[in-house]
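Once you scroll down, you'll see the structures, which are given as structure tokens.
Note that subunit A is present in both complexes that follow, paired respectively with subunit B and with subunit C.
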Partner chain A sequence: MKRLALLLFLTIGLASSALAATPEEIVKKSQAAFFYPGKDFKARVMMKLISPSGQERLREMTMLRLNTGEAGGEQKYFMYFFQPAEVKNMTFMVFKYPAKDDDRWLFVPAINMVRRIAMQDKQASFVGSDFTYEDVSGRDLADDTHELVREETLNGKACFVIKSTPKKADSAGYGHKLAWIDKTTWLPMKEEYYDRTGRTVRLFSADEVQMVKGFPTITKRTMKNSQSGYRTEVSYASQDYNVGLEDSLFSERFLRQPPKKWIE
Partner chain B sequence: MRKRSLVALSIDYPKTVVFFSVLLALLFLTQFPKMTTDTNPKNMLPATSAVRVGNDGVEKTFGLYEDMIVLGVSHDQGVINPATLAKLKRITEAILQIRGVAARDVASFTTVDNVTAEEGSLRVAPLMTEVPEDEPGLTKLRQALAENPLFINRIISQDGKTTAIYIPLEKGANGKVIADHIREIVSGETGAERYAIAGDPVARDTFGAEMFKLMGLFAPIAGMIMFGVAFFMFRSLFLSMAIMAPAMVIIICSMGLIIGMGYPVHIMSSMSPVFLMAIATDSIHIFNEFYFRFHEKGDRKAAILDTMQAVGKPIIYTDITTAAGFASLMLANIIPVKVFGFGVAFGTMLLLLLSFTLVPALLTFIRLDKVKLITANEDLHTSKTAGFLMNLSRIGSYRPRATLVVGGILLLVAVLGVSRIHVNNNLVEWFKAGSEVRTADRVINQALGGTSLAYVVAGAKEDDFMKSPEAMRYLEGLQRHLEALPMVGKTFSVVDYVKRINLVLHDNDPKFDAVPETREMIGQYLFLFAMSAKPSDLDNVVDYPFRQANIWVQMKTWDAQAMRQVIATMNEYAKANPLPIELKPAGIAYFNLVWNNEVLGDMVKGFLAALLMVFVILIVNFRSVKWALISYVPLLFTILLLYGVIGFAGKDFDMPISVLSCLSLGMAVDFAIHFVGRFRLRRAEATDDESLADSLAWTAARPGKGIMRNVLLFAAAFSVMLFAPLTPYITVGAFIVSMMFLSAIMTIIYLPALITLMQGWLLKGE
Partner chain C sequence: MPTPRTWLAALLAISLLLNAENGKAELNLHGFIQGNYGINTASANPDGRDAKLTEERVQLKLEADQGPFSFFLKTDLAWDHLDDQENLELREGTLDYAASSWDLKLGRQMVTWGLGDLVFINDVFPKDYEAFFAGRPLEYLKKGVDGIKIGLYPGFASFEVIALPRFTANHFPDAKRFWQFDPLPGVSNRQTVEPSSSLENTEVAVRAYRDLAGFDLSLYGYRGFFRQPAMQLDDPAPPTRLTLWYPRLAVYGASLQGSALDGVVSLEGGYYDSRDDRAGNDPLIPNSQARFLLGYQRQFWEDFTVGLQYYGERMLDYGDYAATLPFGMPAEKRLHHLVSVRLTQLLRHQTVKLSLFAFRGLSSADYLINPEVKYNLTDQLWLAVGANFFGGGEPWTQFGQLDRNDSIYFQTRYEF
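Moving on to the complex of A and B:
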């Protein structure tokens, strides 16, 4: 009886704590669960770019991520491309900084050259897909005002529906965004991006979630551009956390010659 | 005989006839609320036509838009100054908010991607994110524009004085509505900048909207003018109304029928009220003859019966030939043209019925005293008009050879003119030279690459072929080839992006302003470009599997002729450079060319059919091939002369003119039918001692007066169109008015000459 009371107490406590959470806290938790789980992360990523008429372009890469700060802080990304065929051995590295422009480097094997790529725009397309860099590595919490619109069940999962509106109108590729955040995993299950006139621009959906080393992980996702009709499907294979990535890997030397053990 | 009994019945029960006529009109009038309109000339070709299906496919493959508006902004001191740039930024932002604008692909200083090398790093960013306030910033922007060939002649003119914003439209958006929005936006800006809004959708939708306005305005004005002229001719309010009544009935019925059958009122059918009104003037021959007969007999009913006996047959055949001319349009492949032909042919046949029912019935209501007073003047011996017409006919009958020689020379000159006709079509030139649409187009075309857009799609047989150096060089060669054409202002393709990356990666070393040597390089450059630029940048020029590439061809003119040359050049290049690549044209300029060809083809087909039909009808009418041939002469003469003038004037044989040629056939023959019909009747009735010349003079004076009245009424109605702000209307008005005058003169001078000269052959056995 005591136990039951305790359980009841805990449940109520948990539920009420979730209720009491501010929209900012919800988004912060969600970003931590979505972009920052583990110390590091490694996955083989298959990316399918699909045109409105159903034609496909394939990107296959190994993606490595290392958190160098805490959740919401700095990160380093390393990508090695397998597909399309003529870009094999191309590598791409991103140092992500909150509140300032990212650093990006690209190795072009055909001319054996590493180039820094300056892009001011975090809304730029990620490797030509319908995802933006922000979709891959997260947007600064403080760039938007967040608002809890409602709570509802989506595909059997209790979700917070958060409306995020950019503080500076031209700092984002959308007017506002609605995100359905799973109350148990804190992962976004669905996102709708609207332009300033209220039409949907893009639609995100988490299509498959797996537990990997105790971290709920979205292993299949889709981003659809509802205006152009293009969409991108992403799926992970052999994903793993806390594999022991070292900071020294993220350097120009390894960009030219990535160690086999990390990219295979 | 049955026809005459119809007339007799109608004058015995005139009120019933009027009642049923009104009822009929009301019946068709009930369909009017169902009216839908379609002002888009694009729908002239059905959505299933090869060119529209092909264009849709290309648009889908490359993520393109059917329509694009170009906003030109110019400043005499150059547009690269803080104030103008700030305006550009503001205007672009406002344009992005307009519904119907494909915001993500608007190309302007603030949205177009620029790839540059800066301090060892590759930079991909919009050309201008913030307006540079100081001189170094401005210089940098000037430099960025000057060194990137993708920008010159596209978003900046050579002299730096003009820039353009390219605004693609979502499917189904109305170009005029969006253009009006843009006008509103730029009108909020002050300063020395000038703005020009051009592009096919602006011209097209503005034309569509103007057209309906014009028809709503011109049909009533034409009606009022006809009414006024009729009153002036017959000096009777009632008679003038009686002339207008059948016109109103057939307009209501014909429009009601088209609407009731579920067709939207299209650009073509919006013209039918004016045409029908003009055709209805045919009933003038009844009133004309009635005046003479009443003057001679003094009995109303007998005069009506006699009148109908005399003019009945010519009226039947003139209406049938007119209907046949319009019905020939039903052979067209283009549905709105078919609907128009059908509607007017139906109206004409209804007019025929009314001529034997409603018109005689109305004549019975004329007040006797009034008619007596007015018709007192209708005497061939005293009337000045009659004397003039007789003299005209005597030119032909007294000096037939000289008349014919003059005619022969005129004809030769006309044939020479016809041989100089050149077939072309230009939507923008449907607007007057000083109009906003045309000025905007001219301004932008002078400064930049061009407002008329076409695509050349290169398709290979295997995926990834477009990444090969040979495919790249092939495309590059084709671009240079096309750019050599004088009216092609700019081309761009995937090659331009690859070359740009090559150059920038090698720190702007001009050696690398070329197609890279290996497939790996091209593949990796493209990947790099896809990674950094807007996805649509690449999608617009190459398809997903890199099997097809799309070359953008900007032209400085909307002439169909220009697109024809682009296609010819493209084919030439393909022949001279064999590679497993197939080249195909697409885009709005190509659509306009196909549309133009299609209409012309249809019209030629219709013209030949009408020519044949009219001849057959003439044979049936006169029961004689000889007379059919004779009455054919004024028709051919009129048409040849008209087209001769068009040839000499250097006016393009465009769509409006080709449509007219079919219609004119059925109408230009009318006067000859009246003349020959009545002349033969006169010869049969007249006393033996009346000379041929006197019979001809009588015909010229009596039914000839009807002809003259018809011409004047007709010309009055159509002359309204000469004041239209759209050139096709002016063309239609001028063409029809001159056609009526010419065919009347040909009939009154040349028929007497021919008949006099060939009397032995013609009158044998009569």
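Moving on to the complex of A and C:
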């Protein structure tokens, strides 16, 4: 009986502590779990773009990420493309800064050229997919107001449902977003993006979660555009954390000649 | 001088050796099949043909690597229906070695320096202007160079040092296919003399680069030759014989690029030291010049980007040039400058690309307009339709002389 009381006490304590978390804290934890786990990350990414008629286009790349600051802070991304053939050997590098525009460089192998590219719009489609750059590397916490709408169970997982509304209407391609955040992993299990009139624009679902070196990781995900009927499925063929990426990798030298051990 | 075939054979032999030595070397083969056609819209070619280009082309790219060594071969076989001939071209063929703080690339390679979009200051490497004007894919504007490149990465900055023992000239539009200005149409006895391969004539190019407060800073130096020929005439008046040759050149320059003004800002400058005409009093050799570029690129909405450039070349010994220019030769202006705009819009999940590029000469009032639509039907197959329109200015200015060469081009490529 004492034990039961203790358990009950603990459960209430945990639940109330979770309840006591502000919506900002929940989103912050979720971003840390989703975009920042580990010191670094390496994944072989298969991205399938599927049209309403079923035509498929495939993007295959290696994505490397290095955290250079705290969770929510600066990061460096490096992408190497295997497919389609037209962009094979192309590399792309992003220095992500939370409060200002990112720096982006592209390497075009056909003419051996490295260029900075202007891409201020983080809402822009990532390589033609239904994911935006922000979906890949995260959105600044302070760009939205966050509200805990309710708590509910989704596919057997206890979730916070958070409503995020952009502070500046033109800073996002949606009016507001609902996110179902798993209370144990802090990963978003589902997201619904609405336009300003309240219609759904895009739907995100986490289709598979694996534990990788102790970090819960979404290894399969889908983004569906409910207006165009297109969807994009992303799966990791392999993934790993704390692989020892060095800062020097994120340089023009390796954009031109990415070391094999990091891209394979 | 090694022909493409001997290059090919040598590199294939190296790759086979690499392979034979150890079965672990990984071999990759990619490439494409391409059709490329350009039809005149203004007038027939000087030789009477109606097309600037009709060709099919196969490109093979072979990559192999083993440990710190890697090997790359990119070779084209083209069937040119205008000249009714096959062309085998080694686009690139390199052997690489990468150590932790330096690397080396030996062989025929592409080098692209500087920040200009179709204008070049510190990119002193050879170009194929005919390819661009005739409507080939843009990558064919660049030609490979034969030599060695060493990369040094000591930490505080990075360095590229290039030595080119074999001179490669720019390729200018063929007189049979393109109407262009000829100051001496009566002289048909012509010869071209390229710098011979010698230690003294070995071109050297150096680039040092690093980050400077969030901007990409590069410093450049080059000692070699102009890639556009100068004229030399024999004595009698009127002259009977014309020799095209490549005067010596040195270039010192710098560039800076970074995020600013909600876009990307580019600045580049260079001093062109015309080593065979330092006094500037030989009107047949280019005067020394200061070249400068200001560029700005910005994305205005999703998948729509605008690029603007201002580019100028200022002759540094103009008085001497003007004083010695023979009577009857069109005089160049002291400042040759132009602006350019590039608009790019991607549509339909980035499978359709609409682009418009235009130059407008400020000193010569001539223009080039290049609209293009490209559609990726599948991940393997794309096609593009575009056009090049030239005009304005005078019959001898940069784009004005190309006035009668307007054409529409078609490109299609299957990649594997």
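Throughout what follows, the second predicted complex is superposed on the first by the 253 of 264 C-alpha atoms of A that agree within 3 Å, B and C clash if a C-alpha of one lies under 4 Å from a C-alpha of the other, contacts with A are read in each partner's own complex, and residues count from 1 in each chain.
By our rule, a contact is a pair of C-beta atoms (placed from the backbone, for glycine too) under 8 Å apart; a residue touches a chain by one contact, two chains touch by 3 or more.
The shown structure was predicted, so the numbers you read here are calculated from the model rather than taken from an experiment.
After the alignment on subunit A, I want to confirm one thing: do subunit B and subunit C clash, or do they fit together?
Aligned on subunit A, subunit B and subunit C clash with each other.
Just subunit B (first), just subunit C (second), both, or neither: which does A:L106 touch?
first
Thinking of the overlay built on chain A, is A:R196 touched by subunit B (first), by subunit C (second), by both, or by neither?
First partner only.
Just checking: does A:T145 make contact with subunit B only, subunit C only, both, or neither of them? Give me first, second, both or neither.
Neither partner.
Applying the touch criterion given at the start, work out whether A:G128 contacts subunit B, subunit C, both or neither, answering first, second, both or neither.
A:G128: touches subunit B and subunit C.
After the superposition on A, what does A:N155 contact: first (subunit B), second (subunit C), both or neither?
Neither: A:N155 stays clear of subunit B and subunit C.
Taking the superposition as given, does A:L49 touch the first partner, subunit B, the second, subunit C, both, or neither?
both
Touch check for A:M90: first (subunit B), second (subunit C), both, or neither?
first
Is A:L58 touching anything from subunit B or subunit C once the two structures are fitted on A? First, second, both or neither.
Only subunit C; A:L58 stays clear of subunit B.
First (subunit B), second (subunit C), both or neither: which does A:A118 touch?
In the superposition, A:A118 contacts both subunit B and subunit C.
Of the listed segments of subunit C (45-53, 225-233, 297-305 or 315-323), which one clashes with subunit B in the superposed model?
Here subunit C runs into subunit B along 297-305, and the other listed stretches stay clear.
Would you tell me the residues on subunit A in contact with subunit B in one complex that are also in contact with subunit C in the other?
In subunit A, residues 49, 55, 57, 84-86, 110-111, 113, 115-121, 124-125, 127-129, 230 are touched by subunit B and also by subunit C.
Using the touch rule from the top, collect the residues of subunit B that touch subunit A in their complex.
Going through subunit B, the ones touching subunit A are 60-61, 63, 97, 99, 102-104, 118, 120-126, 129, 464, 467, 505, 516, 518-525, 527-528, 530-536, 538-539, 543-545.
Would you mind writing out the residues of subunit A in touch with subunit C in their complex?
These residues of subunit A touch subunit C: 49, 55, 57-58, 83-86, 88, 100-101, 103, 110-113, 115-121, 123-125, 127-129, 173, 230, 248, 251-253, 257, 259-260.
Where on subunit A is subunit B touching in the complex?
49, 51-53, 55-57, 81, 84-87, 90, 92, 106, 108-111, 113, 115-121, 124-130, 195-197, 227-228, 230
Flag every residue of subunit C that touches subunit A in the complex, lowest number first.
Residue positions touching the partner: 30, 32, 65, 96, 98, 103, 109-112, 115, 138-139, 141-142, 151, 153, 158, 209, 214, 216, 257-259, 262-264, 297-299, 301-303, 305, 346, 349-351, 376, 378-380, 382, 415-416.
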